[in-house]
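Okay, got some structures for you below.
Consider the two complexes below, in which chain A is the common component and chain B and chain C are the respective partners.
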Partner chain A sequence: MTEKKKGNAFTENPLVRAIGVQKIVVVFVLIAMLIIFSAASSAFRQYSTLLSVMDCTYYLALLGIGVTFCLITGGVDLSIGTGMFCYALVGGFLITQKDMPVIVGILATVFCGLLVGTINGLIVSRGGHAPFLATLCTMMIVRGMGAIITGNASVTWPSSSSPIGWTRRIFKMDIGGMKVPIGFLWVLILAVVMSIFLNKTRPGRYIIAIGSNKEATRLSGVNVATYQTLAYVISGIFTGLAALAYSSAFQSMIPGGGGGIELNAIGGAIIGGTSMSGGSGTISGTIIGVFLMSILQTGLPMIGLQANWQQIIIGLVLIVAVYIDVLKNKKLV
Partner chain B sequence: MGDVILTMKGIDKSFPGVHALDHVDLEVRKGEVHALMGENGAGKSTLMKVLTGIYSKDSGTITYEGREVEFTNPREAQDAGIVIVHQELNMMGHLTVAQNIFIGREIMKGKLIDDKKMNEEAGKLFEQLGIDIDPKETMSRLTVGKQQMCEIAKAISHEAKVIIFDEPSAALTEAEIEELFKIIRDLRDKQLGIVYISHRMDEIKVITDRVTVMRDGGYVGTLITKDSTKDDIINMMVGRVIYEDPKTESAVPEDAPVVLKVEHLNAGRMVRDVSFELRKGEILGFSGLMGAGRTETARALFGADPKESGDVYVNGTKVEIKTPQDAVKCGIGYLSEDRKRYGIVVAKTIAENSTMASLENFMKGAFIDKKKENQAAQEYVDALKTKTPGVDQLVVNLSGGNQQKVVIAKWLVRNCDILIFDEPTRGIDVGAKSEIYQLMNELVAQGKSIIMISSEMTEILRMSDRIVVMCEGRKTGELDIAEATQERIMHAATLRD
Partner chain C sequence: MKKKVLAALLCAAMTATLLAGCGSKAETPADTPAAEEPAETPAEGEGEEPAEAPAGDAGAMSFEIVSKGLQHEYWQAVKQGVESKAAELGVKVNFVGPDSESNIDQQVTQLENALNAKPTAIGLAALSTDAVKDQLQTCLDNNIPVIGFDSGVPDAPEGSVLANCSTNNYNAGAVAAEEVYKAVKDRIDGTVRIGIVAQDATSESVVNRGLGFIDKFAELAVADGHTATVVGNEKYVSDSKCEKTDGANVILDVRVPSEVDSAKSLQDVNSLLGEKDILALYGSNEHSANAIVSAADNHSEIGIGDDKVIAAGFDSGAAQIEAVKNGILLGAITQAPVQMGEKLVESLYAAANGETVEDIDTGCQWYTAENIEDPAIWDNLYGK
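For the complex of A and B:
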């Protein structure tokens, strides 16, 4: 007989266990929020609101997918918020100021993410820095770099009316005069691919194993440093992709911006059930979590709570999410 | 017993300042369970670490399957068929049982991991071992006993020829131990060589064929288990060393009042129904083997870890100790075995460390009264003969013995009457040791009372007025110093319920 820990019928239900208690609860919270916002604000019921929620979801989801890998190793990547701005600045700068082809700008954006991610990974895995500090430092560096490269000027990606403005339509297509948030499909495809990568391939398995017990993983003959680095590389690449999503939705970036966005993405991942202490986490949870964050971000102003209130509420939500994570680690949930 | 599969001969290993292994021999045959025994620090684990390539040996030879070998890491040893089942389990709690067993050598289907196949294979392994574990279950949801079975299954899946069990039963229940023994017997019948490290005398008699005893890093001898008695083995373990000036009788007067009484203390698996009394001016030694629950008892008493039940009386009054602050208020000071982590702040000065537990007495308004602090620190530097150029010296610059004195000063400044010394001389050189001993004797002469947890038999016999012996979280003996001998202590320390 396999011994089981005490738990009620709900949490021991095989289906519930397969999906995860937290995710189910978050979905209900999500529905509750949708109902509350819809009831409180007529603006929230508009189709355009769905489009704004989606614009916000895309970049947060991409950041979230990436950072989930770092969180699962037991680390974190704080450079993703400012990183996203920096890479989008660099890509946009090349296109609009240096007249490079759009595709070069896109590739440069993603490459910047890859580069910074690799540096983060090496500092953490080879240099032995605490992930929190290492990525805090690179966060400072990319913030400065973005401003220096663009000569401290804002960058605006080509507008949708411009002949090279097709990047604006990657995530929001115009079909018969109606704007369709097609980006959700791309994010979903990426999420599925990364979920398979996490759960069904060796690198993914080792990333989980490292977060669960690094020393045991090392003693099992796994090259721990390589896979730890990989987690940050993934985070970097997805930050690059998020930069594309952000510039597609919002078009212009100011130098030195993006700070604080990393917390929305990390918060989304934690709300979705990824543990701050490593070893467990799912891509699907992160998607649900960042969707909740996006709804908060879009919905709160519509019920009259402006930016400052938003920050307070999102901060409180994160405290609750992290506290649940702490409880889970004590095996109370 | 079959042919010899593994021979370690004349293995020698030194670390800076310690001769950890002194020409140790070990021979393991196919189809035998070979016990490796010895007191704490006898060198058993070091020997196994040399075998599996975690440490490199200074001299000696290892012959495995007729060839001389030298592994440079555990992975190499594992690939050759020598596997350790660790006491501290090496598992990834978030992964499933099957995923744990096949970590690092997953079964693949193209580019993807074939979890289904891995579950099947793990299921077959368990079937072969006769254990009922679901390979799809998450590892952390299993009991420690089941987790251990998974480790064994993992070892067997490596096609191990020699399996080393490092205190496998320490965390197991009676029924689980039965199951473990059944598996070990099966493995023996399949002609594997098994090394079994344990402190439990009864188990040794039940499960092993031969016993090799180590003492102080040296090889003492090898016995056929069925031809020897428990006393034979204990005598070999403790040896006939003459210990320097052991106490012959208690220095505590008959009528000394009880300053601390602990009744039926329970805190987790390592502290089970522990009761004892400490009298004024007494040094109460806590003896036992590694993992006996002595430190856990002290920490629960001190409020550092939560306790489930139990009453504590200080000077006859019942007290509630829930946090270390409560304990300190009751006049109890705890000197941790891990000085650097829990005892002192090495980057601070002697003065700052000395007043750390009683800073409220050194305030002038909102500010620390530096002058008063220095005076108090100086007083105890003098009293304890701490070797330092001054009280503003950083603690990191002091030797181990002098650091320990700063910790003692910290509690004396606080006016603690009950001091718990957890391994007071660990990492302290011989000269400083006797100074610490002298200091402890002076403290009790002044009317302080001391609980001394020690893994060193010498220290226990030299310092204690009375000795409490623990084994697996229970108090298994209490001896007056006049009647205490190494053999008696060792008997109690290996006594299972």
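For the complex of A and C:
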């Protein structure tokens, strides 16, 4: 959009290089969207809108952080959408139907994510399956599992007024009658930690290296399979965390749901500059991209756009984002 | 090497826990061989040609009822109604159902067993009409009347099912409209907006619950001298019987998400709340009502009172029941499964006596914080 006019002087600025052209563009688009929506709808300017944007961002951001690792290895994880539902169903089921302590439900939720992530990683790295196919299969499997384990019934996590309803306040605290979207802080902390892990630690650098050139990485003595698996394990754990964020915002979920959510998270990562072909990507970019997705999802209905038009706009935004990625690979940006 | 062994062990342990979890679940249904029970009941019912049983000879009557499920509280409520009415009429009933709504084979076996029991009449909520066509023919050949219930036996062969006992969703939506209208009618001053949050524009029950609400609300408003119009989702706008007036002061605004996704429905509620003239909200099933409940966590304007946005729901999921008790939702509509069971037995009784039977609307109930504990209502709620 705007990046073309700015030309080379802009793209060769060292500061711009350091942050990344795409991220800067996306931040500007994000700000532009905020201005447009605020001007067009008085409702958008309300505090409650901020709260609901946040409700719809936490789980997407957590899914996004996890799947960014898979994308960077040149893979993808399609099981995160239905997986998130499945893990939230299992956790909620244990708490409300089996009367287990809330903490057990929370641990089970994250553990399910870890388990499925490990399976994904092993199928891809040891089994040699294409990531797209492998995770497409687990996507179906977890969708079925969620329904079987809960006996086809919807699950409702404890509500905030119940004595064990504190899970709903992990992401949205109630301070003196005012709702504070504290989850933003948790997501931010996790993003910083994972960003450091990705860029400053040996496993993180290996994950990036696998995405740039798997064969060269293998030849330089790195156990490619292990680090490839690790990327899917991270994605699984973050899917489990996203399941907690989701149940905190929406409380109840229906077996078999969640399909399509993975594409919002992957879309967010791509808007934020993570390459579908692997080898490059940042956690901060993903967070910004996911925010753009939620702002669009919240703002578009508020300016009176019907549901199907919202889908079209979000699709167009993704095309532009991928186009920037293509240009980047050609070294034009 | 050590790492690999450790990894393998870890995986094995995880798989084992997973399997253990599933295993214990799978055993439960096996312990209750529902399919074998029917065999005992008929022994006592002597009528070889039951259809000829004289009117009032209730003791000789036995009804077999094959439902779409058994464990879920909704079916338990139907069963409760069936059993109480059967006791009242002095007839024998046997109520069975498959372990889940995907177990078509199991249901067919249960229906076979029911036929072998030579019942006076059969009640059926079929999972698949195609799968039970042979059995329906057997019933016809042997003069055993069949009455459908709940979703009944859709597209059943002509004459094989005499009548259906089910909830009329359109009427149920209208009941919600009456209750919401009662609560807000004195506040209709200038332009007001009533938000209808619907999960989709394709499923028969969801659409009728929405249209019933829209049409009734518009009718009531027009009767009080207001003008009404319907905006939003095209399907609802075009199918509504409400006469659309330009510049109407009661706007019925229908929002349908592009897919069934809680986040999308939450945004629908948010954008409706963003409209300055919003007066009330109606969520036409558990999904949509839950979206209103989730939005209420951020929007304190939803609630009961003259300065609040009045909200009503449909169905009785756990979150909804809680919200009704806490005064977030004014109330909600529930189907009446207990009454469905009662009406079913009445219809079977009438059919067995050779009387003509007709489709029956088994009704619905409006529950609020005040009446929710009333057993007549409480027994009908499934999410408690």
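The rule is simple: the second predicted complex is superposed on the first by the 325 of 333 C-alpha atoms of A that agree within 3 Å, B and C clash if a C-alpha of one lies under 4 Å from a C-alpha of the other, contacts with A are read in each partner's own complex, and residues count from 1 in each chain.
Operating definition for what follows: a residue touches a chain if its C-beta (ideal position, glycine included) is under 8 Å from a C-beta of that chain, and two chains touch if they have at least 3 such contacts.
This structure is a prediction, so every number in the text was calculated from the model and none was measured.
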Next on the checklist: Just to be sure I read the superposition right, which of the two partners does A:179 touch: chain B = first, chain C = second, or both, or neither?
Outcome noted: second
Item to check | Partner touching more residues of chain A, whether chain B or chain C | outcome: C
Checklist entry - Of the partners chain B and chain C, which touch A:122 in the superposed model: first, second, both, neither? => result second
Checklist entry - Now for A:215: first (chain B), second (chain C), both, or neither, which partner does it touch? => result first
Checklist entry - Touch check for A:52: first (chain B), second (chain C), both, or neither? => result second
Checklist entry - With the two structures laid over each other on chain A, which partner does A:261 touch: chain B (first), chain C (second), both, or neither? => result second
Checklist entry - When the two structures are overlaid on chain A, which partner does A:63 contact: first (chain B), second (chain C), both, or neither? => result neither
Checklist entry - First (chain B), second (chain C), both or neither: which does A:276 touch? => result neither
Next on the checklist: Just to be sure I read the superposition right, which of the two partners does A:148 touch: chain B = first, chain C = second, or both, or neither?
Outcome noted: second
Item to check | Contact set on chain A toward chain C in their complex | outcome: 41-44, 46, 48-49, 51-52, 55-56, 96, 115, 118-119, 122, 148-149, 151-154, 156, 159-162, 168, 172, 179, 249-254, 257, 260-261, 297-298, 301-302, 304, 306-308, 310-311
Checklist entry - Mind pulling up the chain C residues that touch chain A in the complex? => result 10-11, 14, 18, 21-22, 25, 71-72, 100-102, 232-233, 255-264, 266-268, 270-271, 273-276, 286-287, 290, 293-295, 297-299, 317-319, 322, 326, 383
Item to check | Touch list for chain A against partner chain B, complex | outcome: 1-5, 196, 200-202, 205, 208-209, 211-213, 215-217, 219-222, 279-280
Checklist entry - What part of chain B is in contact with chain A in the complex they form? => result 74-75, 78, 90-95, 99, 103-106, 108, 111-113, 115, 132-134, 137, 141-143, 146
